[in-house]
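Look at the two complexes coming up: chain A is in both, with chain B in one and chain C in the other.
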Partner chain A sequence: MKLLFHKIRIPLIAGLLVVTAAFTVQAQNPRIQTISIEHLVAKASRTIDVNVDERLMKMAAKLLSDKDIEEKEIKQLVAGIKGIYVKSFEFEADGQYTTADVESIRSQVRGPSWSRMVNVTSKKDGGLEVYLSFQGELVNGLAVIATDDREFTVVNIVGPVDLDKLAKLEGQFGVPDLGIETTKAKPKNDK
Partner chain B sequence: MNEDYLWDKSGEPDPQIEELEQILAPLRYQPKPLELPVVRRRNYFSLAAIAATLLVALLAGGIWIKSRKQQTPPQQEIVKFVPSEAEEKEPSPPAVVVTNTDLPRKSIHKRNKRIFTKHEREEALAAKEQVLLALRVASEKLKLAQRRTQTPPPNQIKNQHKVG
Partner chain C sequence: MKTIRINAVVLLSFALLLHALVVQAKGDDFKSVVKLVENFYGVKHQGIPFLAKAGMKVATTAARIKGGTAKRIAEAGSVKIAIFEDQAFDGQFTRFRSTLNEALNQTWTPLIQTLSATDEEQTYIFVREAGDKFNVLVITIAQREGTIVQVTLSPKNLALLMKDPEGTGKSITQEATIVDQE
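Then we have the complex of A and B:
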């Protein structure tokens, strides 16, 4: 037995190191997988699905103008971001998604690199959780999980994110209102 | 003269023929075992090496030519960078389709600006729209989180009034 262990000692240690490294990298990766909630597309009355990886981010950034103030702000904001992923489902009836669906996302932000910054739970307005992923002292990812009776949204940004700037961007870009918050009263001076 | 000696040595010998016989005697057939020539195995290594070198050179040449073609933007499909919607509102020169392929390379990569092909530009525009949409969703949710964390619950205010 000792001889066998002696023979396989080095490959065993190497293998363990590789596995450990793979798990560490996976744990530090702020990319959230949303395959587990793909089935909700069939139930949703409205779905927003955004998948922009690093290559597309760079291409999109090139089209953002430096002359336009709004686009310049966005360009600065997305500089360094490696990916933006959004999955948002709106349903016509209550209870179309389960706690297991939410948990499949939530479990991914329980790693050591993630920190929950905001957790608001309300029976009337639903739940809203904001998580930040850190690499050392630097933010390298953002995750937002918004749940409501008839809505389930997951936002995942990979890369350095300025939360203040991102929050201030609401109502800009000339993008038509998505009507995501249609069920809630929106302040008039929101823009 | 009887020529039988010449054919089968039966007639009277001819001195001239005898002389010729003596001269040619060493070349007469002498039975001896067959000696096959030793077959030398030819060494094909050098040939193979030359062939391989030629093949590698041809491959390298092909790749180089192909890469040169790829570096040069495809003719007729080069679309100059078109400004975004905001820029389009301003009076600016319209998008230009470059068809003159005799232009020097410097003009194609003017000021190091990346020029997209038609397909790339469409992809980039779609990506830009997606990014804006995603940022809007993210921004709305963050703003909502800010509002919810900053605003006190409405019931609390009501209770304060009741107490007051």
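Then we have the complex of A and C:
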């Protein structure tokens, strides 16, 4: 019995390590899955699905020139970014998407690597939630959940990104104009 | 010994055939997409000569783009186009989208897909590398008409496309189907 345990101990430990590593990698992956809200395509009056993935980013990085101003600008903006994914739905009536739909996205940004940015609001009506994903101390992804009575948008950027970069990306690469603004903490005596 | 040699020859031939099929499939994606749309919706595309013969609008393509004075997005002589006019495309957005993505997934990268249930319009833009340039495939389907355009873009124009995928996608289709009233 002791011999049997000794024999299976090493493969068992190795197996556990592999499983743990797989879970860790998955937990740190800042890619948001939107398959759970795919059914809204049938209800939406307009759906936008943007998918600038790593393949395209690499192509752009490889072939865009540093001499041309426009190409250089794009190259700098997307430097290090591994993907930009946008899923946006517009509806003709209220109540076309449910709390469960929003929750299916929100649940993915509740992991330990994600934290919500509390000082971010939108100039527009409706709710805006911005989350950053960290790998150690470095940001490796961002997620935006924008909700309105008749709109539901999820923006997911994979790679090192901050609010400045997000603001620059608004209106480009299929990232909608979210009207993002950062609110600074007011001094106590400020009226 | 002889058997081994024959097996090697058969294997090599098979490998060559497979490679040829893959290369052909890649080169022929445009035709495959046209066929896919035709089969899915039970529609038929019209060739440019057909439109011209019928005394209808003439959609100018590569030649026009080559000689045009306006700023062009597509590289000269790179345009492939298929037009569907006055035919019924009966929605089925989600199923068509899945079918299309499955068919093109191996060789193309989807960039942007917009579906408008209100106007019954669908637009799909796919990109792939083509040497030092890029192939862009734009598929637009409305209630009664459709357009499939494949163009080659320079990196600079890819930058424009990435900056404004929806707008540039529309420009590509408009550019490829500039209409002359004769």
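Methods note: the second predicted complex is superposed on the first by the 136 of 191 C-alpha atoms of A that agree within 3 Å, B and C clash if a C-alpha of one lies under 4 Å from a C-alpha of the other, contacts with A are read in each partner's own complex, and residues count from 1 in each chain.
As a convention for this text, a contact is a pair of C-beta atoms (placed from the backbone, for glycine too) under 8 Å apart; a residue touches a chain by one contact, two chains touch by 3 or more.
On a predicted model such as this, the values are computed, not experimentally measured, just so you know.
When the shared chain is aligned, no partner comes close enough to touch A:Lys123: not chain B, not chain C. Touched residues of chain A were counted for both chain B and chain C, and B has more of them.
When the two complexes are overlaid on their common chain A, residue A:Val41 makes contact with chain C while staying clear of chain B.
Contacts of A:Thr153 after superposition on the shared chain: chain B is touched, whereas chain C is not.
By the touch criterion stated above, A:Leu166 is placed in contact with chain B alone, chain C being left untouched. In the superposition on chain A, no contact is made by A:Arg110 with either chain B or chain C. When the shared chain is aligned, chain B and chain C each come close enough to touch A:Ser65. Of the two partner chains placed around the shared chain by superposition, chain B is the only one that A:Tyr85 touches, whereas chain C remains out of contact. In the superposition on chain A, contact of A:Ile74 is made with both chain B and chain C. Residue contacts after overlaying the shared chain place A:Leu56 against chain B and chain C alike.
For the contact definition in use here, the residues of chain A common to its chain B contact set and its chain C contact set are 48, 50-52, 56, 59-60, 63-65, 68, 70-71, 74, 78, 173-174.
Of all the residues in chain B, the ones that touch chain A in their complex are 83-87, 114, 116, 120, 123-125, 127-128, 130-149. In the complex of the two chains, the chain A residues touching chain B come out as 48, 50-52, 56-57, 59-60, 62-65, 67-68, 70-71, 74, 77-78, 84-86, 88, 118, 120, 122, 125, 128, 130, 142, 144, 146, 153, 155, 157, 163, 166-170, 173-175, 178, 180-181, 187, 190.
On the side of chain A, the complex with chain C involves touching residues 38, 41-42, 44-53, 55-56, 59-60, 63-65, 68, 70-71, 74, 78, 92, 172-174.
Of all the residues in chain C, the ones that touch chain A in their complex are 93-94, 97, 109-118, 127, 129, 132-134, 155-156, 158-160, 162-166.
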